[in-house]
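Labels run A, B and C following the written order; every chain starts at residue 1.
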Amino acid sequence: MDILVYGTVNSVTFALIALGFTLVYGVSRIPNFAHGSIYVLVGFLTYTFINDFNINYPLAIFISLIIASLIGLIIYRFILIRLRGLAASEIIASFAVGLIILEGLRLQGIGGFKGFIGPFYMLPNFIEGKISIFGLFVNYQRLIIIGVGLLLILGMSMFTHFTKIGLSLRAIAQDEHAAMMLGVHSDHAAMISMSIGSALAGLAAVTILPLGNVTPEMGYKVLIYALAICIIGGLGSWWGAIISSFVLGFAIKTSTALFGAMWESVVLVGTIIFILLVKPSGLLGKQKELEERV
Amino acid sequence: MEKVPLLKVENISKAFGGVQAVVNVSFTLNKGDILGIIGPNGSGKTTLANLTTGFVRPNRGKVIFNGCDISKTPPHKVANLGLTRTFQVMRPYHSLSAYKNLIVPLQSPRVRRTRAGKLGDTDAVAIDILEEIGFERDARVPYKIAGSLPLGYLKRLELGRCFALNPIVIICDEIFSGLSMSEITSLIPLLEKVQMEGVTLVMIEHRLRELFRLANRVMVMNFGQKIAEGTPQEVMNNPEVRKAYLGRERS
Amino acid sequence: MVDETRRKKRFDRSIKVRTEGLYAINSWVEMLYLILPRAVFIIGLLTLPLLLDMYWQKVICSAGTYALLALSFDLLAEYVGLVCLGGAFFIGSGGYISGLLNAHFGWSALLCIPIATISGAILSTIVLIPALRLRGIYFAIISFMIPMFARDIIVALSVFGGTEGISALGILPNVWIEVYLILIVVIIALFAIRRLVNEDIGLVFQAIKDNDQAVKASGINITSYKIKAVFIASLLGSFGGAYLSHIYGWVGISLFAMDFSILPIAASVMGGMGTLAGPVLGAFALTPLSEALRGFGQLRVVIYCFILISFIVYKPEGLLNYFQRKYHQFEHWEKV
């Protein structure tokens, strides 16, 4: 029973982390290697706002999310936009930006910046306390994660199906040239997706981080999870990411319960290798995505 | 005596997402034919070429080449069997010079098998092939960077890529498109020469007049289906074909 | 008021004939013109250890390793079209295999290094094969993830020394051998790879980068060529790893560090992707910089990335391409 509950929480956690990445990739075909960095950055920003600036919690979250989406926008507008079409350069630049942010958070002694070292940084839960579900005590925060996740999926579905901007993002994701012919500007779409994607990374951060502490190393972990989930689900596929989050979420929870926490990496690697050998385009990926079009 | 067809496509279908690109198409190709495939834009001609050469897998149906079922064979193996194709969207290896472009197909297993013995200097072989297809050696055209060549040469380079493989069949995907009249008229003798040397051609084309001069059989496609087949004359007079190209027949 | 407009006119020196790489040599002077850069490079590199003290000689050792990684990155990225974000795995696999052979069987370093180079390369290639059948983006992502997975698995399963690593490994006889070994390997590797990309197999690599569909239509199995390319590139990295394990006398999970993945990329971009020599020079330039900044901790990585982004956005051709152009072409203003 606890596997069911914790498995669900784990799965939704993964989904929250991966959806921002898959959105950016689906629309602009650029892998956002800064995804994990923005996650961690938002965590630290919120912490700083709460503790050093004494801003109240909800406002701090709100400001951090805005900053996250602005950063996403800036990354695209000033760096990636110049590299569109040069596949190798896009990847390298996105990777470098991610590292700058992540490693930058570890700096010490530059202009009084203390750097975020050590497991001392924690964000408070939204609501303290536990609730009993089927005889199991679960933190409210974990339930909030599930709630936020569901709201997110619902919200994004409505956004991409009913608003003009959302529809244009879906259009570009499906067929870039056709959408451009219909008047959708691909750079604008990419910028919007980068902002939303970064905001989603931030949202995931503020929802999930209260469960533990914030360290820069988590940036790499989060990025790897996002990459793994998107590969397994199919790069660029929204529902693929959701489904693979659940598959992986339960797989990892079950294996760690049975064999111990150290098997997490093994399960992750194993699943990726399995998918790459059996259905390389991912669970919901399209076969033609694998090859460039003739 | 029954002639075994060189290439037999049976009831082949392919859908991309919701779009039916090719629906239940069958045709046969005999050695020495020049088969033309025509049809309005979007009728599935290029997809048919992709299906036949292994670049796309059919949802249903079979492709049989020289008696072997190649429906699911990957494209490089299909090329190694002698069934080659050109690409509609021209993309040579633009950072390499023209003759170096041809060294690539000369590395294939097929070439190593059929050009028995040592290949000798692959550079020289490449330049010889280029000369056969009209790259003037004296003007040092073969040495020019492929990305800088004009379209006429690029089309010949595509053909050269197929020639280098000692092909049995060449599927030419819109090889006349984008060329001027004089370029086309200079390309036709090359195609005729190729056919006389024993290569069977399939030509997907829009330029009907030139195609009808070359082809001995023509197949017409529309909306993914084959709507007519026969000699060029028969096809031209077919009312279905006229409707497809010109819209409703005026009474 | 009349505006004088000028434009820059560039033309090649008369020694260059028509296209890249073909030279008409008419005299000894022109032969010298061609040989000079290469000679300066080789001689410069070989005399470097003689000019520096012990500490900086050690720096040359790691610079050489980074140079091999940069070379392998450039080969894969510019000549095959595969962006490898995980050079650290080559280092780690070569290093660990060499360390394990030395620790468990007691074989000398000079025996372990060649064996580890080849087996490390085989391991790296096998691990990357699933990504090679797919589009380039998958290769980038998977190569990024692999060093981290390797590190996690070693720590999680506590094998191969876990977090402490394996120490007390045999080291190379003396410091001169250490330094000259790596320099000679770098020079040989550079010229060998240069030769390789102009051979038939190298042409197929470049063709795969330009248009892999056409290569398939030419009857060539591109996956098998990609495997060959990755194998060659990982040979360089694995040698570096095996070499390092016997310089430090220790292997540990730090061999999978992000440093090994990112500095070669920065060196390549700065030095000039595609030139093969540029990345090597870039590595020799950036490594001392990284040593000088050792006190600043993670600032190093931030700086590499900063340099990388500046170059990739503002001067993507890199330094060596820029200087090569200057060397080979005259520029002057002419009135229009």
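We take it that a residue touches a chain if its C-beta (ideal position, glycine included) is under 8 Å from a C-beta of that chain, and two chains touch if they have at least 3 such contacts.
As the structure is a prediction and not an experimental result, all values here were calculated from the model.
Most remote from subunit A, judged by the distance between CA-atom centroids, is B.
For chain pairs A-C and B-C, the one joined by more C-beta pairs in contact is A-C. Per-chain Cα centroids separate subunit A from subunit B by 46 Å.
Separating the CA-averaged centres of subunit A and subunit C is a span of 32 Å. Rounded to whole angstrom units, the spacing between the C-alpha centres of subunit B and subunit C is 41.
In subunit A, the residues that reach two or more other chains under the touch definition are 294. Of all residues in subunit B, those that touch two or more other chains are 55, 87.
Taken residue by residue, subunit C touches two or more other chains at 213, whereas all remaining positions touch fewer.
Taken in their complex, subunit B has these residues touching subunit C: 53, 55, 74-77, 79-80, 84-85, 87, 91-97, 100-101, 103-111, 122, 140, 143-145, 161, 164-165.
Only residues 77-78, 81, 83, 85, 130-131, 133-138, 140-142, 144-145, 148-149, 152-153, 156-157, 212-213, 258, 262, 265-266, 269, 273, 296-299, 301-302, 304-306, 308-309, 312-313, 316 of subunit C touch subunit A when the two sit together in their complex.
In the complex of the two chains, the subunit A residues touching subunit C come out as 29, 31, 33, 79, 82-83, 86-89, 91-93, 95-97, 99-100, 103-104, 106-110, 220, 224, 227-228, 231, 235, 262-266, 268-269, 272-273, 276-277, 280, 289-292, 294. Remark: subunit C residues 18-20, 22, 200-201, 203-204, 206-207, 210-211, 213-222 touch subunit B in the complex.
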